[in-house]
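Sending over a structure as structure tokens; questions will come in a sec.
Note that the chains are named A, B, C, D and E in the order they appear, and that numbering of residues resets to 1 at the start of each chain.
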Amino acid sequence: MIPDSLTQAQYDTVYNFFSLVIAAQLFASIFMLVSLTRVLPRYRQAMTVAAVVCGIAAYHYFRIFDSFKAAFVTDAVGGRGDYLQVAGAGFNEGYRYVDWLLTVPLLLLELIAVLALARRVQTSLLARLIPASALMIALGYPGEISGDNGIRGLFGLLSTIPFAYILYVLFVELTRSLDRQPASVRRTISQLRLLLLLTWGVYPIAYLLPMLGLDGADAWVGKQLGYSIADILAKALYGLIIYRIARMKSFADDD
Amino acid sequence: MIPDSLTQAQYDTVYNFFSLVIAAQLFASIFMLVSLTRVLPRYRQAMTVAAVVCGIAAYHYFRIFDSFKAAFVTDAVGGRGDYLQVAGAGFNEGYRYVDWLLTVPLLLLELIAVLALARRVQTSLLARLIPASALMIALGYPGEISGDNGIRGLFGLLSTIPFAYILYVLFVELTRSLDRQPASVRRTISQLRLLLLLTWGVYPIAYLLPMLGLDGADAWVGKQLGYSIADILAKALYGLIIYRIARMKSFADDD
Amino acid sequence: MIPDSLTQAQYDTVYNFFSLVIAAQLFASIFMLVSLTRVLPRYRQAMTVAAVVCGIAAYHYFRIFDSFKAAFVTDAVGGRGDYLQVAGAGFNEGYRYVDWLLTVPLLLLELIAVLALARRVQTSLLARLIPASALMIALGYPGEISGDNGIRGLFGLLSTIPFAYILYVLFVELTRSLDRQPASVRRTISQLRLLLLLTWGVYPIAYLLPMLGLDGADAWVGKQLGYSIADILAKALYGLIIYRIARMKSFADDD
Amino acid sequence: MIPDSLTQAQYDTVYNFFSLVIAAQLFASIFMLVSLTRVLPRYRQAMTVAAVVCGIAAYHYFRIFDSFKAAFVTDAVGGRGDYLQVAGAGFNEGYRYVDWLLTVPLLLLELIAVLALARRVQTSLLARLIPASALMIALGYPGEISGDNGIRGLFGLLSTIPFAYILYVLFVELTRSLDRQPASVRRTISQLRLLLLLTWGVYPIAYLLPMLGLDGADAWVGKQLGYSIADILAKALYGLIIYRIARMKSFADDD
Amino acid sequence: MIPDSLTQAQYDTVYNFFSLVIAAQLFASIFMLVSLTRVLPRYRQAMTVAAVVCGIAAYHYFRIFDSFKAAFVTDAVGGRGDYLQVAGAGFNEGYRYVDWLLTVPLLLLELIAVLALARRVQTSLLARLIPASALMIALGYPGEISGDNGIRGLFGLLSTIPFAYILYVLFVELTRSLDRQPASVRRTISQLRLLLLLTWGVYPIAYLLPMLGLDGADAWVGKQLGYSIADILAKALYGLIIYRIARMKSFADDD
């Protein structure tokens, strides 16, 4: 639940993190678009998707930043006082879920695209991963905006079911269909999956913070930082790693 | 008719959907522009039109979003209360109709362009489809902005006449002129037309909602969501499918 | 003269037309820039000029739109009432004349460029057309911003002299210098000139409206719509036709 | 010194000129960037610099325009009254000097680059021209913002010393180092230098206006128009002429 | 500590410097992106990073400029009076540190990339330089926002430790690993390192200013100008020098 008041330090911290995410996503996106021609055509689809994902995130963080600025105000000189929720506007947690609804399926697409599996296998994987991810996001939202920790917990749990299914598909099913791939490809895939697990795992942890006995404002600030950092790792860093892999494969394939 | 008041849940839902449409159209447009060189030159015209259509929609949804934000206000702390129509500004339904006036003819052009028919047939089809679509939009507008369900029904009906004519041309006349085309081309055309039918059909349904006994605000919210979803399907998704077809044809033609 | 008050219908109509022109010019410009490489290099100069003309118009209509929004206000709930001129700001008709001062010479340049005449003939034509067009715009402005119909008429008349001269140069002199051109080129030129005549002719007609006995607000609204439509035809449509000609010539020249 | 009040005609004139400069610089910059590939690689450096110069000017005129709008206000209906300086904000003449500090060295670089002299000569010329131009701008600023005509005159005089030195280097020294160049190159250089002299000369004349007995507001308006016109000539027109020369040389060199 | 009041001259000076930095970084970034294809592919990575660094800085200076404008206000006519800190908003020093957190690692990457060392050496250098630079920034921030000169001094000292380590790695370790490089490469590296030392050294000096007995406002203004100039030198100028080196190497490598 959105806290009634933030100290200046809490306000400034969230403020600066949101601005950091804008810069990181926007310029990661620009960097990837400018570097597109430096990888072989067969990897450009994945790079373009990665750039689009970061662009979508930059758009949403512009909105999140403005929403946050408008939602909390102070009347202290120099902004050196507590920030209270304003009348007439609220911080909109919805932007994140709209963002994820668009970007999570694209990230899965990006992962599958870079693996270069047979088209039949790709289609079958995506046909299960994408609906599951949409369900995961949709089930998380009612808990996120609820002020009741019971409801938060319930929907968090429901959202974890499709999340677990996604991990199952990526770690169990995908492995099976990779039997005939050379060892080096298998290693890359393992690393990418691991990265995905580590970064995606931050989201449910951030989601849990408001339920852990912490003071409301601290928990909420922690959650915002958690989501912000996870978004940088799962989108910008992930995209740059995809770029690195594509660059290396571009040299290898050229031989 | 625009409702006098929205609950917070209604306000937030419309708000988040409008923001979702902005992101979807804007980045679909950017994605298609960046991917332009990945299809053969002969398909780039259709792709460019698709990207322009999504760009026009993104522009209009920026305006629609701002119009909506300005039109409904609350004085509850954190925005947690009912939203009332403000003095001095109103939600402008006109943006949609201006948008459709520009984009519907372009979508028809896109469809005809991707079919690659003889130039004479193209010209003849467009000479009937484009005026009919302009008439359909123009006749819908007076009903849309009227607070009277009788007027709404009347103009909805009038607008349905050119709509039916468009479907007739696409499903009856076009079929005839395809006799000499190979089976695979006929299948693609059938699929595209079906998609068009399914997505375009959402518009008149959304238009009807305010006439169906529902509470005014619920009906209006439903209509906004209906138009928003239809616009994503008929522009962004449609464009991406055109891209997919163009990609596949690009490989086929290269052989 | 700018009316003191507009009905909601008048306000909304002008509002939606201005927004339509923004979208039309902006995306016509983007479309032409993206399509630049689809015509042979020798036609790109004309296309670039056409795209720049539409871009300049989009810029000015952004300003015109904002000026209009700020200049007329209502205090009716939902904006459903009369709109009065506000204190402290006025609608600036100057944007149009600044726009024309830049774009009319460019349109003439575009026309001459696409004809591909001998360089000496080009220079001689432009040396007369461009100063005449600047004079035409400059003489129209004092009449446009005057509240006195006598002054409006006088400057309208003065402005018509260079306008007539431009038409003379294009229809009499140009014809003479085309004697040695093949028939097909002569036909294209005739069509372009005709289009130019038809679209440019709308401007003086719109200018006349406030002098025709109509109620002040109606006449003013009519004038704004007239200029808006003329600007779409004379810039966006004209540019797209230039593009079409360039495309066709690009195929022909390649043979 | 900034006048306390402007008539509506004065306000509108400055307003429209500033908006004209924005459009002219912005689209000159875009035009040059789009046309970059139409000149041979060896001329692209100069063209890019020209486009950047116009872009920097567009940025600063956006700021100048906003500063002017905020600095002068009226409370007359429709803006039809005198405009007074507002409390809390002032017109910032500093933007121009910041602009010149960046663009004047770049214009000199552009000139030297297009001459294609020996690298040693280039370096030696720039090593004197660039510091002199920075000094010229820096010395002009204190006079520009002073309300005292004595101080204005003094700093104007001091600023004229480096200005005279720049002209000396361009007209005396440069000539000497051109002895061994073919006649045609010498002619081009002469023309470019002449253009530079004519356009740069407008700046000190505009600077002098407030000292010439004119009414304060008239002089100030005249100065703003003078700087605006000079900026269009010295940046946009100058850049387009550089483009024209580069185009012609590109054909010549190709033979 | 942020001063309670600034004179008009102080306010205008900071204001104009911030606007100068925006223009310098934005157009340096654009210039480098446009010139990307003028260097050989192997140098484009470094150029792209340089362009992104300047783009990130332009973004942050837009924010810094707006933050400064909002934080200090006057009620004097024409802005000719003292500027006081406003109620409800403060100047946010955090933008700089967020900027540095992103750009300092990228600048180190840029330096290492342009040296073209063996991949193993690169990785080992970056693995020490990047964490050290992050630590340097993070330790500087608490001192920067503190109003207490003791705390400022303490954190300044702590931050100097990783700074010294960075210099040690660049000047001692890097030198050792260059033994086998040809003399010309060693010279370029020496020059780049020297430039880096000179520009990076400005930051701690600016940081120290508030501790040197100067009046609070003067010291703060000096610090802002110091950081502004250092940012132009360390990002825009540094990037342009990298471009120059890449251009020269591009000619050399082509032989």
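As a convention for this text, a contact is a pair of C-beta atoms (placed from the backbone, for glycine too) under 8 Å apart; a residue touches a chain by one contact, two chains touch by 3 or more.
Computed from a predicted model, the values in this text were never measured in an experiment.
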Type of chain D:chain E copy interface by residue overlap (half), same or different: different
Geometric centre distance via CA averages, chain C-chain B, whole Å: 29
Centre distance in Å when chain C and chain E are each reduced to the mean of their C-alpha atoms: 47
Residues of chain B touching at least two other chains: none
Graph class of chain-chain contacts, one of line, ring, star, complete, other: ring
Successive chains around the closed ring, taking chain C as origin and chain D next: C, D, E, A, B
Residues of chain C touching chain D in the complex: 2, 33, 36, 41, 44-45, 48-49, 51-52, 55-56, 59-60, 63, 71, 85-92, 94-95, 97-99, 101-102
Residue numbers on chain E that touch chain D, as the complex places them: 12, 15-16, 19-20, 22-24, 26-27, 30-31, 34-35, 38, 73-80
